[in-house]
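Accompanying notes for the structure given below.
The letters A, B, C, D and E name the chains in turn, as written, and every chain counts its residues from 1.
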Amino acid sequence: MMRKVIGIIVIIVGLGYVFMSFDFLPVIGDSTAPAHTHVSDYYIENALRDTHSPNLVTAVLADYRGFDTLLETTVMFSAGVCAVMILGSKSHIRNRFLVPKKILKGKPEPGVSAYKTVNKDVMVTLIAIMILLYAIYVLLHGEVGPGGGFQAGALMALSYIVSMMIAPDTRPLFSLSKANAAALAGIGVFIYAFTGLLTVFNGGMFLEYGRLPFPVSNEYLHTIGIMLIEVGVTIGVMATIITILKAIIERVRFDDDRD
Amino acid sequence: MSPLIIEAILLLALIAITLAVIFNRDLLIVIITYCAFSFIAMFLYIVMSSPDVAFTEAVIGVISTIYFIITLRKIDRRCK
Amino acid sequence: MMTGIEQFLADKGIYYLTFLLLSFGVYGIIACKNYMKKLICMNIMQVAAIVFFLSLGQKKGATIPVLIEGLTNADSYINPLTHALMLTAIVVSLGTTGVGLALLTRIREKFGSVEEDDIIRRQNKL
Amino acid sequence: MNMLAMEFRPLYAIFVPLIAAGLIYILGERIHQNIREAITLTAAALLMVVVYSMIPSVLAGNEIKLELFSIVRGVSFTLGTDPAGMIFACVASTLWLPTSIYSIGYMRGHHEKNQTGYYAAFAVCLAATMGLCFAANLVSFFMFFEILTIATYPLVTHYRDEEARKSGRKYLAYTLISGQIFFAGMVIIYVVSGSLDFVPGGYLTEAMLPGPWALLVFFMMIGAGIVKAGVMPLHSWLPAAMVAPTPVSALLHAVAVVKAGAFCTLRVILYVFGPKLARDCQGAVILAWMAVFTIVLSSLIAIRQDNLKARLAFSTIGQLSYIILGISILTPISTSGALYHIVAHAFMKITLFMVAGAIYVTTGKKNISEMVGIGKRMPVTMGAFALASFALAGFPFFAGFISKTNIIMGAIEAGQPMFVATLIVSALLAIAYLMPVVIIAFRNGHINPEFAQRGEAAPAMLVPLLIAVTLSIVFGVEPNAGLNLLEFALMAGKAVF
Amino acid sequence: MIQHYPALVVILPLCGAALSLALTKIHLHLGRNVIFLSMALSFYMSIMQLRNVVINGPMEYRFGGYAIPYSIEFRIDTVNGLVVAMVALMGLITAFYCISGEIRSEKLKVGGAYAVVALFVAGMLGNASSADAFNMYVFLEITALAAYCLIALGGNRGMVAAFRYMLVGTIAGTFYLLGVGILYSATGTLNMQDMSIIIQQGGKDEAVLVALCLMIAGLGIKSALFPFHGWQPSAHTHEERGSAALIAGVMVKIPVYMLFRFVYCVFGTNFKYMQQILIVLGIFVGIGMMYGSIRAIGQTNMKKLLAYSSITQTSYFMLGIVIGSPVALAGSLLHFIGDAFIKGGLFYCAGAIKYKFGTVNIDNFGRIYKKMPVTSALIVAGALSMIGIPPTVGFFSKWYIAMGAIQTGKYIFVILLIISSLLNAIYFFKIIEKIFMSKDKGLEDVRPVKKGELPWSMLVPMSVCIVVIFLLGFLNVKIINMVLPLLKGVGM
């Protein structure tokens, strides 16, 4: 115990000294710091002209640095595939250290509500639908207000989690097995990459929404482009979160029954 | 109370929570404090006036807390 | 009108606290014996990095980075680039936590516990 | 067409043994033994033809220079024939044929296992030696030098038992360490002088390597040569390599490895450093005294050795230091004497080793003390042994005499009385450790019963033995016979100074 | 179409991986074949791209079509053109190698395994060709995540190794992110070309110093440089048999390439504190070379031995950066490319021996060269190249590094180079002795193989490695001439 406290004090003092001597970081508030004057003011000034999305963050995220978001969805997808691969195989009982887990006698079987209140099965589906509705709003509203692909995907996954956790025995809105969810995540990523490839086949650079093949005027093209990748991101994020969740839950329930 | 001071207070709260996590014995309390951590972090982002990041942090904070709780079912709560 | 404290905070205070949070996260990863706690401290460390990035992008008296009709000059909006980068960092931290927990489940199954010393003791027996 | 063919001859000389090695290794298991041996013999004959065909052009003085692809940025893989290279090439190619005939007899007689690996490694060794002779710059020289080390490793560890592995480890330790130090020296020279091509008379000047640097780089470069040539402090891998079968030790001590060491020292001192710089930085003097020390000490040790092959190994160490001494005296005559000693020693020593092998295969005797009266049983073999030991001691009308006299004349010219004294004393010591064997062999006192009736060695071993002895005599009587090797030695000596 | 190659080289494996899980549901091997096709195409494109860069100068690719500093940019010049081509080839042959490790039972596992490998390769390809600081961070994360999974698939001890590597890798990633943040606060852009222009204007030394230290720490941990190598041996020993070559051969070296890109292209060597940092790095590299080889001598487990020896090889690549002269840089780049095949090849052999005989312990390797000629040929080729025997690539890279060291008067590194290659010789000849000479342990086949030594899917990668080791030896002059003009401008 003492050793830990000494360690922490050393860190506090060490960092204090470092920060007293160095002053390389810009003062937080001033707007003339180099970070703001070079690239980001360009984004602020002609985000509307280039990408037609008032929400600057989505503009930067989806259009100026769209490749980053593709890679980030790939990070989510690879996390999902890795979780599935690690937890995919059936664990051989043979060489495992079985440590008996104390089962608290007399505790009600998990999932059954201890006291009789409002029937939660009915309420759950209602909440789930409301969350889904909000998720779609966030998705479509991405350009104007705060929101976008990740938040929408996470919300959809949340609605699935809510319906599954609170009322495990009722049939959730959409049931995804671990393998299907991972495949769906892949398809989400592919939608994103395919929009990029579409612009390449049509003569532009990768992810240059001005070159999308749809017969619409230029500024709408950007909006459609951002919309497409947002949909791809949402599917990717939702499916990955559900994959990891299902992968862990399967192993959790699988093992507990044994001990 | 200019935003900088609020930020400083919230940061101090975050540091307090980190210490709580490091020194706590019971894992369930650790996970609940972690949920409070991401909640306060979301506040911090709002004070730093970045709504997108705050929104994402809120949702992803909830999801990672759920992950931790599910894994906790497998792991016994006592820890050194 | 910046009082002494605010000036100190703006200059070094916020950065100091952010790096303190970061170093406690790293300390937690190393010092904690339980693998679950290590994962949580890892998340805290990543949040500290995100806070540092966001504090870089602050502008005094600027609104959130959503364009409003009236306002056009660059100084009145917060720097959107840092927010875009930090969305990526948050999602990366979720991905890493997901994989970490998957590993944790398999380790718990195989070694019967998530404490570092039990695992090392049983690992040599394998 | 003829011009072009002439041009690529050095390359053919390297590829002939390589292709033979490849064929042997791949087809070895599948085809009958005789066909495999036939491949080696035809390759040996072909190689002799190729090398001999180059003699007239080198004699006439115009050297073939063959610049292939650029091996390292700024340095190209060039092959060229010059007198010194030709001597070594002729010796190696001439001896390959008798040695392979001998090893067929030895291997069959002794029922050795994995002979395919043996012949393939043997052919690769020859290819590397040819490469060494014809390399015209340090990089290609180093390349073939290392390939020779790696190719001889499976030969040294032929028996695959613990002792062979131990001596293989020692062999590798010595040669690889010196090889890497040679590599470092080579890089320093390239950075300092900008070129690595061999120039008779050397191209490094005092300005390039000021003060102590010259001595340091000098010993880094000749380190590899000294180790392979078995100069005293770094010689202990050579007796340990006696574990290998006799044809291998014949190859090691007479034809390829040890000679490559001497040749490397020669190339470094005379073609890279040049006599003037070698003398100024006192490197040559130190080397000369090391050689003297080695000659005397190894002869004394050889006298005490009971195992015949060990005695011959220590005599090789002594004889090789002759060549090193000849080179480090830095006068034209001593250099040509050293070069010719390569030829003389090769034929003499290979005869002795073949005799030792023949004795071992026919009677199974290893130690000299057990060989009382063996002359009665194997008169021809022991006769050849006697002749070869006379040659080695430097009797007139034998090859050894000519090379020794040249070196002695060179020493006199350089005004080094001590070296002349050692050369003469070592001739006596040579007699001291070879004559007892001859006397014991032909004693007619109480001979042990085995040697009563005549039982010569197998013809496959006897014939190459006799060829080698006759050659050593022929080259004694008429040094410029056929291949006019002495002519090359004199030409090389003149070219360097 | 050629100006799209830099992007397509990275995107194709990505799409292949994304689709593989869905396609596997249709047919077991459809996903796998799509990934092979996409990797083969990406390798072909990387060769075309390299040829194009050699002929008419560096290519650049702006994603989204905006001007340079405002969007992400790939910049391919001869240096990373070579690296990309090498990573693509290694990825392709490792994917072939993984065929032998397939678990036919579950559809998910088959498609997933190849998806992870494809993502891993795509991450490294992106890392090598990107010219945007934050973009590199995201590629680093993709590579890391896929690496955690590949290590974890290597059996139960692999799990613990993967978990430990994950913690350390995330710390490294965060340090790198902080470094990028500080650079962004000092210069305002994320594009490395733009960043170097602003830094050359000067006045930002302290920020650059702190950013450089953070990056060295972060990338040092990722590439298992000497003081930070704790995670590496256990990770390489227990990782998944198929992709061990990729992780140990290539992934450990990409962060060193990124460090080269930052130190030499962004900061430039006339940066005030550069000499002190290079001295400190030099000390790390020196100790690392010795430590790796010494620890490797005592090992009996072949994979652990190779893991320790790859610490030495990474510090060879760092050696070029520390010495600083253009020739040494070119030599260490040649070593980087050669060593990926040597180290990869040796890990293939270790995997093959484990596949056929089920053992990784060197002592019972007795006389396996009769049953496994190709494997022992590759081990000999790798050994010769590690020691530096001329025809193989090892000699030439040592030659250029030594030349660079002598030109800049840093003789200590030449001595270190010699000593470490001799130490390599010791443990490699120990293996060669065991394979060729020690008595036969009579190991019987764990998995029956129809004919010949190993399934073709293992023989093809091994023979490709042998060919490339000798090919690079002969082509070294072309590679050096290709790379040197670029480095000359950058180095001094």
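Things worth noting here:
The rule is short, and it goes like this: a contact is a pair of C-beta atoms (placed from the backbone, for glycine too) under 8 Å apart; a residue touches a chain by one contact, two chains touch by 3 or more.
Please read all numbers here as calculations on a predicted model, not as lab measurements.
Any chain bridging chain B and chain D, meaning touching each of them, is missing here; the list is empty. Graph distance from chain A to chain D, where chains that touch are one step apart, equals 2. Annotation: B-C is the more contact-rich of the chain pairs A-B and B-C, by number of C-beta pairs in contact.
When each chain is reduced to the average of its Cα atoms, B sits farthest from chain D. Ranked by how close its mean Cα position lies to the mean of all protein Cα atoms, the top chain is E. Centre to centre, using the average C-alpha position, chain D and chain E are separated by 44 Å. Chain centres here are Cα means. That of chain A falls 30 Å from that of chain E.
Averaging C-alpha coordinates per chain places the centre of chain C 29 Å away from that of chain E. Centroids built from CA atoms put chain C at 16 Å from chain A.
Counting partner chains per residue, chain E shows two or more touched chains at residues 134, 138, 141, 145, 148-149, 152, 156, 159, 184-185, 190.
In chain B, the positions touching at least two other chains are 4, 19, 22, 50-52, 56, 60, 63, 67, 71, 74. Chain contacts: chain C has residues 9-10, 14, 20, 24, 27, 31, 48, 55-58, 62, 64-66, 81-83, 85, 87-88, 90-92, 94-96, 98-99, 101, 103-106, 108-111, 126 touching two or more partner chains. Across the whole structure, chains are in contact as follows: A-B, A-C, A-E, B-C, C-E, D-E. Interface residues of chain C facing chain E in the complex, by the touch rule stated above, are 22, 26, 29, 35, 38, 42, 45-46, 48-49, 52-53, 56, 81-82, 85, 88-89, 92, 95-96, 99-100, 103-104, 106-107, 110-111, 119, 123, 126. Within the complex formed with chain A, the chain E residues making contact are 4, 7-8, 11, 14-15, 17-22, 24-25, 61-66, 69-72, 103, 106-109, 112-113, 115-116, 119, 122, 126, 134-135, 138-139, 141-142, 145-146, 148-149, 152-153, 156, 159, 182, 184-190, 194, 198, 204, 206-207, 210.
Per the touch definition, chain B reaches chain A in the complex via residues 4, 19, 22-23, 50-52, 54-56, 59-60, 62-63, 66-67, 70-71, 73-74, 76.
Chain A contributes residues 4, 7-8, 11-12, 15-16, 18-20, 23, 25-31, 35-36, 39-41, 43-45, 47-48, 54-57, 59-61, 65, 68-69, 71-72, 75-76, 78-80, 82-83, 86-87, 91, 95-99, 144-146, 148, 150, 237, 240-241, 244, 247-248, 251-252, 255 to its touches with chain C in the complex.
Touching chain E in their complex are the following residues of chain A: 22-26, 33-40, 42-43, 50, 63-68, 70-72, 74-75, 77-79, 81-82, 84-86, 88-89, 95, 178-180, 182-187, 189-190, 193-194, 196-197, 200, 204-211.
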